[in-house]
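Below you'll find the structure, written out as structure tokens, and then a few comments.
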Amino acid sequence: MIKKVLVANRGEIAVRVMRSCREMGILSVAVFSEADRKAMHVRYADEAYCVGPASSAESYLNIDKIIEVAKIAKADAIHPGYGFLSENATFADKVSKAGIIFIGPSIHAINTMGDKLTARELMIKSGVPVVPGTEENITDNTRLKEIANQIGYPVMIKASAGGGGKGMRLVREEKDVISAYEMAKSEARSAFGNDAVYIEKYVEGPHHIEFQIMADQHGNYVHLFERECSVQRRHQKVVEETPSPLMTPKLREEMGKRAIDAAKSVNYVGAGTVEFLVDNNLNFYFLEMNTRLQVEHPITERVTGIDLVKAQINVANGLPLPFKQEDLRQNGHAIECRIYAEDHKNNFMPSPGVVKSISEPLGLGIRTDGYVYEGYEIPFHYDPMISKLISWAPTRSEAIERMKRALYEYKITGVKTSIPFVSKIMEAKDFVDGNYDTHFIEKNMDFLMTDDDCSDYCEDIALLVAYLDYTEKMKLDGEHTLDTTHKTSQWKEFGRRKNVIRL
Amino acid sequence: MPLELKIDTRVAKIHVLEHVGSNYKVEIDGRIYDLDIEKVESDTYSILLNGKSINMEMIEGDEPSQYKVNTLNNYYEIEVVDAVARYRAKAKSHMETGSNIISTPMPGKIVKIPVQEGDIVEKGQTVIIVSAMKMESEYKSASDGIVKSIHVKVGDAVEGHQPLIEIEAQ
Amino acid sequence: MIKKVLVANRGEIAVRVMRSCREMGILSVAVFSEADRKAMHVRYADEAYCVGPASSAESYLNIDKIIEVAKIAKADAIHPGYGFLSENATFADKVSKAGIIFIGPSIHAINTMGDKLTARELMIKSGVPVVPGTEENITDNTRLKEIANQIGYPVMIKASAGGGGKGMRLVREEKDVISAYEMAKSEARSAFGNDAVYIEKYVEGPHHIEFQIMADQHGNYVHLFERECSVQRRHQKVVEETPSPLMTPKLREEMGKRAIDAAKSVNYVGAGTVEFLVDNNLNFYFLEMNTRLQVEHPITERVTGIDLVKAQINVANGLPLPFKQEDLRQNGHAIECRIYAEDHKNNFMPSPGVVKSISEPLGLGIRTDGYVYEGYEIPFHYDPMISKLISWAPTRSEAIERMKRALYEYKITGVKTSIPFVSKIMEAKDFVDGNYDTHFIEKNMDFLMTDDDCSDYCEDIALLVAYLDYTEKMKLDGEHTLDTTHKTSQWKEFGRRKNVIRL
Amino acid sequence: MPLELKIDTRVAKIHVLEHVGSNYKVEIDGRIYDLDIEKVESDTYSILLNGKSINMEMIEGDEPSQYKVNTLNNYYEIEVVDAVARYRAKAKSHMETGSNIISTPMPGKIVKIPVQEGDIVEKGQTVIIVSAMKMESEYKSASDGIVKSIHVKVGDAVEGHQPLIEIEAQ
């Protein structure tokens, strides 16, 4: 049985994994970069070892160093969290070869799902629907029209070497397909030096819906229902919820079945996520499988009551899943808002810096998974996500109301955060109505950027309080400058100042 | 001591008329308020105005005379203008005349510099791309002008508020 | 419909009520004493009004002043919380007469249940079991023996004017009953100047188990299952859990039914709690009914998913209960630990003072209901309870493990708290086994008071860190004393100090 | 500068042998430790000792030289003994010789004073009952003696650390 787990990660997910370890009586080992000596996961762990400089490539991605630490610390197992080495087959392989349990699926599963083309072919073979299209390079106009007709319009022409929207063209009718094809090719050539393009069905009003799956080493597979992740900005998820407002019981059953098929096709073991695109007519298509824990796993934990990290560790220990598909229920509704250190009013610029003060929302139906604390300096080397706020209630509308209440309570000063932005999402009509797809943020950007108006007196009072604070500050400065007999500690002095406004 | 305070383009004058304990009677640009103001945390105030409970975070800016204020729905940047602050502001604006210095608000790494010294640039043209926290941000020229000097090169790690590129406005 | 609620309370319960108001879009009005200007409920509320000096009698118990404020603020309703005026029939009456909704039961219900003797008689009439015995003053030995035999030994002889254990005698056999009776009488005479005594059945291994009930204005009654509250110190609850480890489905059904009978006997409306004593043979006896929300209501909320404050407000609005008995489930297991500002190593002495820093436990399955914040001075005028920590998990053992993990994370400095004490409760074998009654704390006191041993190096490191902190502090003091050109703000300086150890 | 530190009856001597950044090599009463010590919050330290991650809260006591230390399982009271502190301690102990002053650690209200000036009291005898936070606490004499003076009366509100009753030890 696993007695000590090295967590090869940082930030909130490292702390989250260690929480479950602690509950299971398992010791946790942190690794940290030189920039992270004061990070919460180092403080939270039972043991902590430095694995290199600030740059991720030299620390959190330093496979050999991390395995060396695992050996020194005599860790039985390594949990990779998400990001960093979590979907790195070489890492999983080296961990296993070092005689340490990798808490995740097999190398084969990671490799297969990590390669888009192989995964797509396997899904077709396994009867899991994929976005209709072809990965082949289309070289002549006849073949182009043939395939486009076969798929059915609208279609998307995409550069094989593509990314960032370059070399992409949406085509709604046959008459436009050739000119679009030529423009895409030419754009691809100049952008990537490679003019290979392929065609895919264009999914209208696309919803990003994923299924959590869990499998043990004994061939038992379950899905833990869906997560609706369509609130995205630049393919970055911002808000997730479960159940999906789009979902029907029939579709859930069908998609859950296909998600399990996808997992079975690679003999999947552990926790994984099958991502689908779903259109407004409830057609769904396999997108990819993430062979690790997801950022948004807490909403699934909240409605099913299952601790997914504990489940991962139990599976890694060779235990059978303690629940069957028919035991699982979606109880109520859960929403997650990701809180980033960013300035949404300034093009969502990341906002690292020192957290001056923080108070998390408390009370009924609220969970926070974070890692920053007062006085902590958020480093600029890593992801700007500060925390995840999860609300739960029996109904969706109550979960939204509760999230708004929690966001009202959540105070972080020193760095700009996305709290005001996600608060506006909770008020956006399309979101409240559950009537949204991946275009939601784009479509509602004007609303999301508008501040609610404060009455006239707000500004006046802000001015007054600034005035009082400044006056008091100048007075204190004066006192300290002149007082040369001053003996007590600055810290103590700081703590003692209670009635500071003495104009 | 009546002070001037700036918020955006507004310049406000404040007079404290009465003050007992945490209770203030003040005049702000001719409007009279009765308030109960308590500092409750290191940068948080609780204000009662005719029974209404209001909370404000007063975060000191780069200078002690600058404040970033969060209220429930709004964000303000306020500057207290006293003699010292006024002198500094003057000196600063003089220094910057005709010059447009690009800097980042945070540390990061230079990803791309699509201009060279001597290039003519337009207002809004991207002159440098900096990566921080897994995101790339584009910095644009605030005016039409000529690239006067470039202080960094691709791959450099930079601190926040460090001059990266100077553009002379035309 | 209620649009504005005045919360006639302070501390965590005032904030907790306001949270639900906020989620419902209802404005909240705080009242506060002069000692509470900076209290969290004042900051959290939409409006706040001072109702008098620090002394509760002149502020939180000042009925006329509170009603006056409710009128000024145009509140539609008053929520009394628990304690203070929550079970004061005069208050409820005056509130109603002022045209304001009292969020609670009728004056008749408060009065009836507030009087122990009347309540007892009504329960007997309603078929709710009470502790066998008689409230009559026993004046002769024949009657004494007769009643004792009728009740069955062991019996307890109690002074009618009694309290604090004075004039109480436990009798296990008939041969001792007369001498015990005479001693009790004589003790009562000298302690209270009144030698009236009565007999009650002595409940062996007593469990304090209560049922949450909820009723609307349309005659619908449900119970929301039990709470086990036997972990008590001097009749003060310390830890509560649901389900009770003692409970059987049959007993739950029977007790739930009787709890509803008790509520029906006074035409109860709103949220209330029926407290029972249960012995080891699962006999149960009515103790009293609390006609208000209980401190420990969150564990019921967690397993049923129902927001009891929202339910109270909806009932006050005249809405029917949205659930029936058969809709309600106990999902998983919840435990609450009360966190007091007290020094358990010093006879549980209250420890008011300034909270220097606080970090609440976060993550899966944890709820905190508190009200103190960093820099807040816990006043000595009121209750020393700082917060309530609630853990939930699918099973009891996992809920205990999770509570231990949360207590590990919960850091409060500046005041002494009961965190170490309740942590030890979570480790006590009797508690872990679910094998405890109201004698638990008394019985386990030695264990609960024992610190887990730290290895040798702990003390050495503590000494070293004290040394470094002191040296650095003295150095900083020196700097500030001599630096007369020092211009920047002390606050800023404080925030900037990052690498303070520069020996 | 080697200092003495007191913890209960133990007096410890500390020597810092090496110190680079946050890394220390120290000798504490003859034992050698290699440690990485960082102050992470205003009164919290993170310590790494051979990989073990240890957290300690160092809370300043009534004097800057006094610390209340919380570790995961333990609580210590530590006093740093330097020249100044030693002098103060001496003066204090001199002042208190033969006298036993009852005071409370917190504010409260006097509920009962079951003794009178001149009464002979035994060690452990309750001499005053104070109520705070809805609880009554009994304060007892630390030694046999005579009640020398009573500074308060029933009903008085008292501050913490205020002398309430003085008992002359016999």
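Note that the chains take the letters A, B, C and D in the order they are written out, and that residue 1 is the start of every chain.
As a working rule, contacts are C-beta pairs under 8 Å (C-beta built on N, C-alpha and C of every residue); 3 or more make two chains touch, one makes a residue touch a chain.
In this text, all values refer to a predicted model and were calculated from it rather than measured experimentally.
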item	value
Shared chain contacts [subunit A and subunit C, defined touch]	B, D
Pair joined by more contacting C-beta pairs (B-C or C-D)	C-D
Taking each chain's C-alpha mean as its centre, the one farthest from subunit C	B
Separation of subunit B from subunit D, taking each centre as the mean of its C-alpha atoms, in whole Å	47
For subunit A paired with subunit B, centre-to-centre distance based on mean C-alpha positions, whole Å	31
Residues of subunit D whose C-beta touches two or more other chains	22, 38, 41-43, 64
Numbers and ranges of subunit C residues touching at least 2 other chains	44, 356-357, 373-374, 408, 473, 488-489, 491
Contact footprint of subunit A on subunit D as seen in their complex	22, 36, 38, 40-43, 46, 48, 51-53, 55, 60, 64
Interface residues, subunit A side, partner subunit B - complex	341, 345, 347-353, 356-357, 380-384, 408, 411, 413-414, 420, 451-454, 457-471, 473-474, 499-501, 503
Contacting residues of subunit A [partner subunit D, same complex]	29-30, 37-38, 42-49, 72-73, 373-376, 488-489, 491-492, 494
Parts of subunit B lying in touch with subunit A, wherever the complex brings them together	1, 3, 5, 7, 10, 12, 14, 16, 19, 22, 24, 26, 28-29, 31, 33, 35, 37-39, 41-45, 47, 49, 54, 56-59, 64-65, 67, 69-76, 78, 80, 105-108, 132-135, 137
Residue ranges of subunit A in contact with subunit C within the complex	15-16, 19-20, 22-25, 44, 298, 301-302, 305-307, 331-332, 354, 356-357, 359-360, 362-370, 373-374, 377, 393-394, 398, 401-402, 404-405, 408-409, 414, 473, 476-477, 480-482, 484-491, 493-495, 498
